[in-house]
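Please go over the structures that come below.
Below, chain A partners chain B and then partners chain C, in two separate complexes.
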Partner chain A sequence: MLRLDRVSKTFRTGSFGGRELHAVREVGFEVAQGEVVSLIGESGSGKTTLGRMILRLAAVSEGSITLDGVDIARQKDYYRSVQGVFQDPFSSYNPIFKADRVLEMIRQRFFPSMGAADWRARVESSLAAVRLDPGGVLGKYPHQLSGGQLQRLLIARALLLDIRMLVADEIISMLDASTRIDVLNLLGELKGRGLGILFITHDLSLGNYVSEKTVVLRSGRVVEMGRTELVFGNPLHPYTRNLLGSVPRLHRRWSEEEDAPEEEATCFYHGAAGRDATWPGLVEAEPGHFVGCATSGTCAPALELVR
Partner chain B sequence: MSVVPDEKAAVATTGVRAEALHFALRNGKLLAGLTVLVVLLVLGLFGPMVAAADPNAYVGPQFAPPSGEHWFGTTIFGQDIFTQFIHGLRATFLVGLLGGGIAAVIGMAIGFTAGYRGGIVDEILNMLTNIVLVLPALAVLLVINAYLGIRSIPVQAVFIGLTSWPWVARAIRAQTFSLRSREFVDLARLSGVRPWRIMTREIAPNMSSYLFMAFILLFGGSVLIGASLDFIGLGPTDSISLGLMLNNAARYNALHLGMWWWFIPPGLGITAVVGSLYVMNVGLDEVFNPKLREM
Partner chain C sequence: MTLKVEDLRVYYRTLKGDVKALDGVTFSLADGEIMGLAGESGSGKSTLGKSLIRLDGRMRHIGGSAELDGKDLPVGDTHAMNPFRFHEVSLIPQYAMSAMNPTRKIGRMVDELLRSRGVAPMRQELERRVGLVGLSADVLDRYPIELSGGMKQRMVMVISTLLNPSLLIADEVTSALDVSSQKAVAKTLLEFRDRDLVKSMIVVTHDISLVYQIADTIMVMYAGKLAEKATADVIVSAPRHPYTQALISSLPEVGVRYEERRLQGIPGRPPSLLDPPKGCRFRSRCPLAFERCAEEPPFAEVAPGHSVACWKAV
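The block that comes next holds the complex of A and B.
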């Protein structure tokens, strides 16, 4: 459904755009209907920039993003199909207007001719879908509602449109533990309705909990991606291993982690694809599991190529 | 509050304004400031029609304190100070509104555009702003005056307006920059809202009391710049303003001669006009910002 093909983003910084900052480099993956893809990476890895490009809030520098084969930049009613929810629920609302204005803006743009009663019914059904009580949230100011309510109201806003794809950028990282799981389960329900969800997070366990596919991003590059159980069960990239190693697990003791073999001079990617393989790139380690070059100073071919 | 469900939709757009009005009419500061301002405005607008036509005519005894005949007394030359005051009030409002208005419009247009667009547009507008900012307004005025001459108060006001906008542009640009990166702006874009509406409906309302304050500062600044220009002889020579009255009083040593009636009315006039605007601004802050309304 939504497909990214060698997508790059370069920011121009400095006076008159003198310097370049590569935020995202040649990223490619696909989100299918009814599928949750988690995009995992540390701060500054480019995951939010990717989300913004998918939402057309930032222009794509190179490569293409397509929805059903058509470039998203050329789609007229793109936001009818693709919507987003952001990290900070309090900053997502204009503080001087009532919170339900976000719903009203959808009506003005997308349903200008819909009758008041029909609209009311539509609002109520999408509020019900996120388990919000209309009386509890409509007509209130953002500072009168809780973070969980605000975040669910934003999802309800997206559901007013018949969206097929939702970009959820760290949507639960500012919520407390009990509302967290509610919102997370809500994403599961949306998936059941056939929505494709791009779940952007820095939290591995959350990614594991909700997603079918996992994309691990580092410094703007995909280092490893594939079906979640493969990436989590058999991590091949040293960065992914490090990430997973830092999550305590029930079935393993920390002392066993020490037994991990020394990094080989050639990374998995260059071991499998040959020393002359172009870089960056990904190699299919097993069906549905792709790995990139380690490039952390341990991969000799990568170091040669840089030279 | 009972809102019929079917009316709910219409409420969202008109509701904001109706609600602002509701709080505005109950805000003491706003009403007090507005009352003083309206009284002075009416005095300045309609006073000159009733009073003598020429504020600089020598009509009375020289050096006379306030009396039934000359309400605010007379100057050292025998000019009626009340006549000068109401004519001066009109000129002061004109310089303040026109000068402050022009500067506010230019400053806001450039500030919003630069802050929202960013990139190369911002670089160019910022450069323009900085050039005007460092332009020695006084020197330029001397040159312009030598060639064209500033013959009337409107021309003076336009000149003040064209040179005093840069700090507003810079301040609004900075505010717009910080508001633009807030997620509600992204959300408005996801709702298909056009850039112009995002600026006017999402960003500007968040700084409406700031915008009003900028206008008040420009208004007060224009009045004072006008007074200083009059003082150094670069203003219109044959008219009167509150600033010119103050400067005349200073020039002819009214303070040393004990002629308090010469400088207190114009001084109080400027203070009342600018001060009432400030008080209104504090009141408006409470009207615009729902967080400040709650006790």
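The block that comes next holds the complex of A and C.
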């Protein structure tokens, strides 16, 4: 459905735009209907920039993003199909307006001729889809609602439009542990209804929980991607393994695991020496599991791949 | 016993009345203990941390006392607290990104800070400590803006512990960081304790799996009150309070998939602390609630070192 093909984004920085910052480099993947793809990366990896390009909030420098084969820049009613929800639910609302005004704005912009009764039915069905009680949220100000409710209201707003694709950029990192799982389960239900979801996160365990596919980004490049159970169950890239090793887990302390072996220090993405080496592109290590790894020759799994 | 807190109550005054952010908290902290303080937003965990150093002028100290190394800690008096701050009790603030003076090189800023506290500059020791957290000594000749988030956080940690305080309060120090810097920062906290730079530590966090990695004990708060305190392993493996149980079981872990196992959140939301309900404050969200919960449960010891505020657990 949504397809990214060698997408790059370059920002000009410095005085007179003399320097270039490559935020995203040649990223390509696909989000199908009824599929959650989690985009995992640390700060500065380019994951938010990718989300913004998909939402047409930032222009694509090179490559193309297509929805059903048509370039998104040339689609007229793009926002009827693709919508986004962002990290901070408290700053997504205007504090002096009632929270459900975000729903009314959709009506004005996209359904100006719809009757009041039809509209009410539509609002109610989309609130039901996100498990919100209309009486509990309509007519309330943002400060009267919890973060989880606000975030679900924003998803309901997107659902009013019969969207097919949702970009969820860190939507649960501001929520409390007891409510974030509800929003996460909601994403699971939505994919059951055929929605494609790009779930952008820095939290590996959350990505692992809901997604079918995982894309790991580092410095704007895909280092590893594929079916979630393969990427998490058999991580091949040293960076992915390091990330997974750093995730705090219950019932298992860090000290009980062995530390990362020394050999990884010479990796292209770790060692400073190899940083300018040409990127090898993604190699399909096993069906549905791609790795991009070029090392100076000490990383065992990479060597196996290059052979 | 490093720290003893007795029935501490701290309210915030607002136009609508007092917000009872901390409503009768009693606990103690042993020498060398790292205690994780966990809870949702609005549970009073940050208020508890900050009230021990009296950071916020809006806090009203209503009652209760705190004792540090046998001395009374003036938790109700901003002025009297001054000699304790930095020397005896120190805090690592959440927003290390903005905790340092942006117009000074870091080394100079620390010198000025020490001088203002009547301590001679200690450049050599400072350089040693900077090395200890894995930074090179030349960060002292740089401006804060030249450091990454994780580096700034570690630098602030060095500054906070420079005078070897007896009690260190770390307020959400890892929540703004990436997983790999999170690990480095958490391990640094452990290192501070192991090298005796600080005697004991309260690590305020909402991330139980992170604090489990470094804490000896974990204390869980709910709506301004203590819910449970026990060793980290007991809290994670055999919690007795229904709130702790629900919280632990709602955490997605690597390996748990939506298709295979649905995790459950906790329905409802915490009560308003403007006018908290009588009795157990978790009652309205609790699956085990019964008539007796209208009465407030005591924070009672159910096993050695394991205290719970729940009628079902007693």
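We take it that the second predicted complex is superposed on the first by the 259 of 307 C-alpha atoms of A that agree within 3 Å, B and C clash if a C-alpha of one lies under 4 Å from a C-alpha of the other, contacts with A are read in each partner's own complex, and residues count from 1 in each chain.
Operating definition for what follows: a residue touches a chain if its C-beta (ideal position, glycine included) is under 8 Å from a C-beta of that chain, and two chains touch if they have at least 3 such contacts.
Remember, it's a predicted structure, so these values are computed and weren't measured experimentally.
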{"item": "First (chain B), second (chain C), both or neither touched by A:246", "value": "second"}
{"item": "Which of chain B and chain C A:86 touches, first, second, both or neither", "value": "first"}
{"item": "Chain B versus chain C as contact partner of A:33, first or second or both or neither", "value": "neither"}
{"item": "First (chain B), second (chain C), both or neither touched by A:125", "value": "neither"}
{"item": "Which of chain B and chain C A:234 touches, first, second, both or neither", "value": "neither"}
{"item": "Chain B versus chain C as contact partner of A:13, first or second or both or neither", "value": "neither"}
{"item": "Interface residues, chain A side, partner chain C - complex", "value": "42-43, 146-147, 176-182, 184-185, 188, 202-206, 208-210, 228-229, 232, 242-244, 246-251, 253-254"}
{"item": "Chain B residues within the chain A interface of the complex", "value": "1, 3, 5-10, 12-13, 15-16, 119-120, 123, 182-184, 186-193, 202, 205-206, 288-291"}
{"item": "Chain A - residues contacting chain B, complex", "value": "12, 15-17, 52, 55, 57, 79, 83-84, 86-88, 91-98, 100-102, 104-107, 109-110, 116-117, 119-120, 138-139, 141, 143, 154"}
{"item": "Partner chain A, residues of chain C touching it in the complex", "value": "40-41, 149, 178-180, 182-183, 186-187, 206-210, 212-213, 236-237, 246-248, 250-258, 262-266, 269"}
